[in-house]
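In what follows, a structure is listed as structure tokens, so that the remarks can point back to it.
By written order: A, B, C, D, E, F, G, H, I and J. Residues from 1 in each chain.
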Amino acid sequence: MSFASAPTVPTNTSHYADLPAASSALFQAKARRGLTFDQIAKAIGKDEVWLAAAFYGQARFTEDELITVGEVLGIGSSELVSQLGSHWWPNRGLGPMPPTDPVIYRLYESVLVYGHAIKAVIHEKFGDGIMSMIDCKINVERKEDPKGDRVLLTFDGKFLPYARW
Amino acid sequence: MSFASAPTVPTNTSHYADLPAASSALFQAKARRGLTFDQIAKAIGKDEVWLAAAFYGQARFTEDELITVGEVLGIGSSELVSQLGSHWWPNRGLGPMPPTDPVIYRLYESVLVYGHAIKAVIHEKFGDGIMSMIDCKINVERKEDPKGDRVLLTFDGKFLPYARW
Amino acid sequence: MSFASAPTVPTNTSHYADLPAASSALFQAKARRGLTFDQIAKAIGKDEVWLAAAFYGQARFTEDELITVGEVLGIGSSELVSQLGSHWWPNRGLGPMPPTDPVIYRLYESVLVYGHAIKAVIHEKFGDGIMSMIDCKINVERKEDPKGDRVLLTFDGKFLPYARW
Amino acid sequence: MSFASAPTVPTNTSHYADLPAASSALFQAKARRGLTFDQIAKAIGKDEVWLAAAFYGQARFTEDELITVGEVLGIGSSELVSQLGSHWWPNRGLGPMPPTDPVIYRLYESVLVYGHAIKAVIHEKFGDGIMSMIDCKINVERKEDPKGDRVLLTFDGKFLPYARW
Amino acid sequence: MSFASAPTVPTNTSHYADLPAASSALFQAKARRGLTFDQIAKAIGKDEVWLAAAFYGQARFTEDELITVGEVLGIGSSELVSQLGSHWWPNRGLGPMPPTDPVIYRLYESVLVYGHAIKAVIHEKFGDGIMSMIDCKINVERKEDPKGDRVLLTFDGKFLPYARW
Amino acid sequence: MSFASAPTVPTNTSHYADLPAASSALFQAKARRGLTFDQIAKAIGKDEVWLAAAFYGQARFTEDELITVGEVLGIGSSELVSQLGSHWWPNRGLGPMPPTDPVIYRLYESVLVYGHAIKAVIHEKFGDGIMSMIDCKINVERKEDPKGDRVLLTFDGKFLPYARW
Amino acid sequence: MSFASAPTVPTNTSHYADLPAASSALFQAKARRGLTFDQIAKAIGKDEVWLAAAFYGQARFTEDELITVGEVLGIGSSELVSQLGSHWWPNRGLGPMPPTDPVIYRLYESVLVYGHAIKAVIHEKFGDGIMSMIDCKINVERKEDPKGDRVLLTFDGKFLPYARW
Amino acid sequence: MSFASAPTVPTNTSHYADLPAASSALFQAKARRGLTFDQIAKAIGKDEVWLAAAFYGQARFTEDELITVGEVLGIGSSELVSQLGSHWWPNRGLGPMPPTDPVIYRLYESVLVYGHAIKAVIHEKFGDGIMSMIDCKINVERKEDPKGDRVLLTFDGKFLPYARW
Amino acid sequence: MSFASAPTVPTNTSHYADLPAASSALFQAKARRGLTFDQIAKAIGKDEVWLAAAFYGQARFTEDELITVGEVLGIGSSELVSQLGSHWWPNRGLGPMPPTDPVIYRLYESVLVYGHAIKAVIHEKFGDGIMSMIDCKINVERKEDPKGDRVLLTFDGKFLPYARW
Amino acid sequence: MSFASAPTVPTNTSHYADLPAASSALFQAKARRGLTFDQIAKAIGKDEVWLAAAFYGQARFTEDELITVGEVLGIGSSELVSQLGSHWWPNRGLGPMPPTDPVIYRLYESVLVYGHAIKAVIHEKFGDGIMSMIDCKINVERKEDPKGDRVLLTFDGKFLPYARW
């Protein structure tokens, strides 16, 4: 790595390695402008978690949203559209499983430890079916607490009853 | 399986197979009495998700709670205490990974698809650290919706900043 | 294995090993009566694939259906209800992956070889979303063909667009 | 990524990464011309699913088809032929298993949940053998439905009886 | 293991552990009678490899064949029929992969080392398609050789061209 | 990919990706000259399967053979020798396991389904030992058949008795 | 599970399932007597971590120690000696990897996150070699802390330089 | 486990769990008689490593050897012959991989760390081929050393040159 | 690799391959200056293990620390900040599991062999909860010993009791 | 690959792909000079297996040894020292497991087949402990034999008794 020609924003760090080139450009521009996910999300009327997912190529912008995001971040919109436009579809699923990063592992651990309990309560309250992860909205909030602030992570997913035929 | 001597509640179904004998007895008694997780949980002042987790051997009753649960379910408390009492500690983690059951898989899929986005937003809002899955309370609610009711699944976990030394 | 006391229908053969005791009883009774999946399914107004899935513990009978199935197969309905009744929920997902059985492997191979093509066509025709495997009906038909009869396997699943929030 | 020299169609996005260079060129040209799989497939008298599979290197064009496809997409046919011509054979099988993308995972889930049921019904209707995934035609159709349109995914595969010798 | 009550043929040895009870009975009776696979196979007009596969539950006897095999081995045919009769279908695939037994591993090694070469020559000689492992007959012969006898293992499988649609 | 500077033979297609640079050159030259494996093999007195294996880096040419192959294919022999000459040894084993390509998978399936049967017959005919995959010759032949031509795949391997010491 | 005949100490709970019968008896007797690991360990002059490892079959008592432990726990020593005596050797390694239990997972996570750092510092301080896990003593202490007590886990292992020959 | 009826030799300890019943009996008798592997091996003119392998079902006694071993150990020979006699063949390969037991892991580690070096030296000294693990004799010796005794583990295997055809 | 243009410090060695470009630069500069982890750590008031973790991208410098580290190592601080500054978050978890390097494997082996014992003692001393690997400080010390120096590896982690709700 | 600019020694062949750049240079120089491992090893007073391991980055040269090796091979020593000098530590463990190369697989097979037997004999001869793979010297010798020469592979490792504390 020659520092003389180094960009002023990070490149090639490992957790960007599997991402589309456009994602990497989005992260770099976000860092350069010093914007939060929430600030960028508000510009297109979306939630910060959804926006972060879209940056990671796990959700899909409309072309209008791409143009707005490009303006907010100072990236040429035509490039974003040429890469993430109407012909592009997310290839979802990112990172190793089991996750090696402790933040993500704790989510995975919740499935290992509480997955059967959550399934049992869903069946008891809703019957035979699932909570959709497609028609599902996810939210992260900071809850003040004198003993240490808490993360409120909410999944709001449609219940889908199993077809019987 | 000889039906003549069959118990009136299920035994040996596959998702009870890995559980402690006491768990199996708890599930059977719950079915026999026709109680919900919530009804049993209320008797000991706990939440239904926590109680379901304890039935699966993923959380630990106090001896007082065991006695009350035994009374509510009509199981001899001394047996419960002799099995799940003060000398017993949960061995957490249940079922195959990736999960094969679609209800549990959707939780796992949330990690695959939204794990990096959730991590990114947590870091932006809290700094370098994790949402604890130890000091974490989990809740499942039914939210009425004319387009189909929705599952509200909430994780309320303490933020733990990384030690620096 | 003592042949003297052997039942007149198979037990403990390897592909029944992971199943609930009730499933094993259903398969035995079906063999004893010499009924097809279709004949049993018609008695409760269901399709043969769905019924076979229910026999494998991968779908859930109503209690009325259990009573009818018990009558058709000559199994005491109360035993079926006590095992697969209202307190019971399927734990879905069966067998090793990748599958070792060639019939099931060919389905798996279809995902490996044609999965990306099917995904691409679904996106082109429907947009960003998935074909539901929860609200999905599956059908197997025999199609006469002079060059060798063909299996017509159909998945009829609801398209679910991805939530954006 | 230098946007100045960026092509007007996406490159290097992650789900193209394992593909032959020719595949990548086909996808780019398709995007540039704004054609659907169906429009290109019709030009060579094929189905859209088969064509999409061929774009992903999972099926094999004849040289005549390559020439026509090259014309339809505005790619020099000689390049296509030099890469995917008579000396080239598909290396089939694409993407991770279990799939991480939810669209493809749902197909995989159908094997986990309904694989044994489909096998049981095939045996009952055809005897000991398999549905071929080699002599198999796959079709995706959109079925209008007031409650939400549905995907009709059909496999039409020859039944192959097991050799006995 | 109580030797006093031990049967005169092996039971519960590890490589019979995953097999149907009927298979275990077949192997025991074969040992008790001191017959070779070839001798039993000849009685029903089959090859020894096919017969050995059927003993392992990997192929399917007709009911006539079961009766003859039962007579040859001195096992009550009705038991064989009740277990492996018309309602029974093989669940194929046996043992761990990669194989741990050196005899089976060498076959697996042939795929690792020569799989691509065999594929290349098949394509060159037959075009785009596969050698069927369903319509395939397998043969093991002993070939005398002064430098050490040789195993001649032959696969005679139908070529199946890939469907194009 | 710039087509202007494209070579006239395929490069970088996925199944050449793991191969030595020399292998890739061999495949390209073979395509350019339009020769079959058999034609090249005959020039050095070898079988086509062995030659294809050597192209994939799974067998080792003598230097004389390299020179002849270089002449037949019009590649400078010194380059071949400098890469695959006396200092070079094959690193055997190619491609993912289980194989994703259906041609290679069928070979793998033969191990899963018939491995134990083949082992049993080998032991019965030869005693305790294995069929060598080192001193083994493999052959692929096309056998005409009115119902569809057949692949004759033969392994001719030395039997090696287990040492006892 | 028949509660009438239930023992007064736990049996068959899942984390005892893989253990030798003697280990299970040791855990039961410890619970019955209400002794801590430390109390039992002191009777034979050992540390509590070592003793707990020996209870899990991961370390080896001398026969003298077995006799003392038997007396302390009220188990017949001859049974302990007949099972864990001079002819018995530990088969070390217990539980799934990655661990599913959060207590054990955190140790595993320390390897994932800090393993390379620990290796780097060991090399810098000691040269090319390892910290022995054979000649290693492990200790767990409780350290009072007003912000929450802390676990002091110490590994005291001999440094072993790599042989050079 | 009822200690009252406990056998005087170990049963059911975990590393005997996968073994044939006969192996377990051999280990028990060896412990009861207090013999070393070497003492038993000498009685049949074999090496102690080979004998230990045979005890684990990884090598095959002749019937004469079985009779002698039965006499040495005081086990009825007819039982040994009925279980491990002429109809029985080893199913080789034992224990998990990677090994969890440190003694066995160190052997595995030798493959990871020195495998390529050993391969390189074998090729340099012998050419293209392998060291046979079938015609291979293995020996363990104790070598006195003032700095700590050493294990001398020797593999004496025939070199097998690769076939060329 | 052209040695003429080779850098004077190592590049591309395998254990740096997965690291961020900045990490690689840090290791190179450390080697060039000949500093120990401890010397660099002292400059920012941290421990050597924490610093080594930060070099591997497993911990996070403040911007002030980055500036100081840049000065100590003679790397332009602005480059370090542009790469590892406030917008950057560690993606923790490094290297294969099970580890292949013996130094790191021994740590992993401690989990396999002593994990259950450590868990048992923690529960006995602290109750139901875990030792945090987030609020945990790790230390490596050299302890002189005439029989060979020893590594003292200490984990000082907060005990976190399980939430009950 | 342009042959015109090809080096006269192999590059990029698959089994060098994971190695440090310096290793690749060492192998190239060895081929160019036509030296054996033994000839190079003698120059620094080491064994050929150790030297081959060091070439693969699995052992560590002193700086003096690097200088001598550089001279013997005609590589600039300063480059070797700058890459593999005092700041460099091996990252041990190479290649896939299970190994795909038959030479290395046979070593792995020895663990699968004879691992438990070797462990049992080591315990019987030495007690509870392991053969060190750190303080271990490995040797490969050619032993003439009229029936085919044999490989003598010897591990000479220190016995390490398990700590008890």
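Criterion: a contact is a pair of C-beta atoms (placed from the backbone, for glycine too) under 8 Å apart; a residue touches a chain by one contact, two chains touch by 3 or more.
Which chain is which protein? Per UniProt: A, B, C, D, E, F, G, H, I, J = Cyanate hydratase.
Note that this is a predicted model, so its numbers are computed, not measured.
S.K.: Give the chains in contact with both subunit B (Cyanate hydratase) and subunit J (Cyanate hydratase), ordered by label.
M.R.: Touches both subunit B (Cyanate hydratase) and subunit J (Cyanate hydratase): G, I.
S.K.: Which option, H-J, B-G or A-C, should count as the same interface as C-D once over half of the contact pairs match?
M.R.: Of the listed pairs H-J, B-G or A-C, the one copying the C-D interface is H-J.
S.K.: Going by the touch criterion at the top, tell me which pair is linked by more C-beta contacts: H-I or G-H.
M.R.: Answer by contact count: G-H.
S.K.: How many angstrom lie between the CA centroids of subunit B (Cyanate hydratase) and subunit D (Cyanate hydratase), rounded to a whole number?
M.R.: Spacing between the chain centres: roughly 42 Å.
S.K.: I'd like the Å distance between the centres of subunit D (Cyanate hydratase) and subunit J (Cyanate hydratase), where a centre is the mean of that chain's Cα atoms.
M.R.: 45
S.K.: As a quick test, compute the distance in whole Å between the mean CA positions of subunit A (Cyanate hydratase) and subunit B (Cyanate hydratase).
M.R.: 27
S.K.: Report the inter-chain centroid distance for subunit D (Cyanate hydratase) and subunit E (Cyanate hydratase) in whole angstrom, where each centroid is the mean of the CA atoms.
M.R.: 35
S.K.: So which bits of subunit A (Cyanate hydratase) are touching at least two other chains?
M.R.: 15, 50, 90, 92-94, 98-103, 105, 109, 112-113, 119-120, 123, 129-130, 132-134, 136, 138, 160
S.K.: Judged by the touch rule stated earlier, which pairs of chains are there in contact?
M.R.: A-B, A-C, A-D, A-G, A-I, B-C, B-D, B-G, B-I, C-D, C-E, C-F, D-E, D-F, E-F, E-H, E-J, F-H, F-J, G-H, G-I, G-J, H-I, H-J, I-J
S.K.: Enumerate the contact residues on subunit B (Cyanate hydratase) facing subunit G (Cyanate hydratase) in the complex.
M.R.: My answer: residues 18-22, 24-25, 57, 75-76, 78-79, 82-84, 87-88, 90-94, 133-134.
S.K.: Under the stated contact criterion, what part of subunit B (Cyanate hydratase) meets subunit A (Cyanate hydratase) in this complex?
M.R.: Those in contact with subunit A (Cyanate hydratase) are residues 15, 36-38, 48-50, 52-53, 55-56, 58, 92-95, 97-99, 101-104, 106-126, 129-133, 136, 138, 140, 142-143, 145, 147-160.
S.K.: Which bits of subunit I (Cyanate hydratase) are touching subunit J (Cyanate hydratase) when the two form their complex?
M.R.: Residue list for subunit I (Cyanate hydratase) touching subunit J (Cyanate hydratase): 1, 3, 6-15, 30-31, 34, 96, 99-102.
S.K.: Where on subunit A (Cyanate hydratase) is subunit G (Cyanate hydratase) touching in the complex?
M.R.: 98, 100, 102, 105, 109, 112-113
S.K.: Which bits of subunit H (Cyanate hydratase) are touching subunit F (Cyanate hydratase) when the two form their complex?
M.R.: That would be residues 46-47, 50, 59-60, 89-90, 119-120, 123, 128-130, 132, 134-138, 160-165 of subunit H (Cyanate hydratase).
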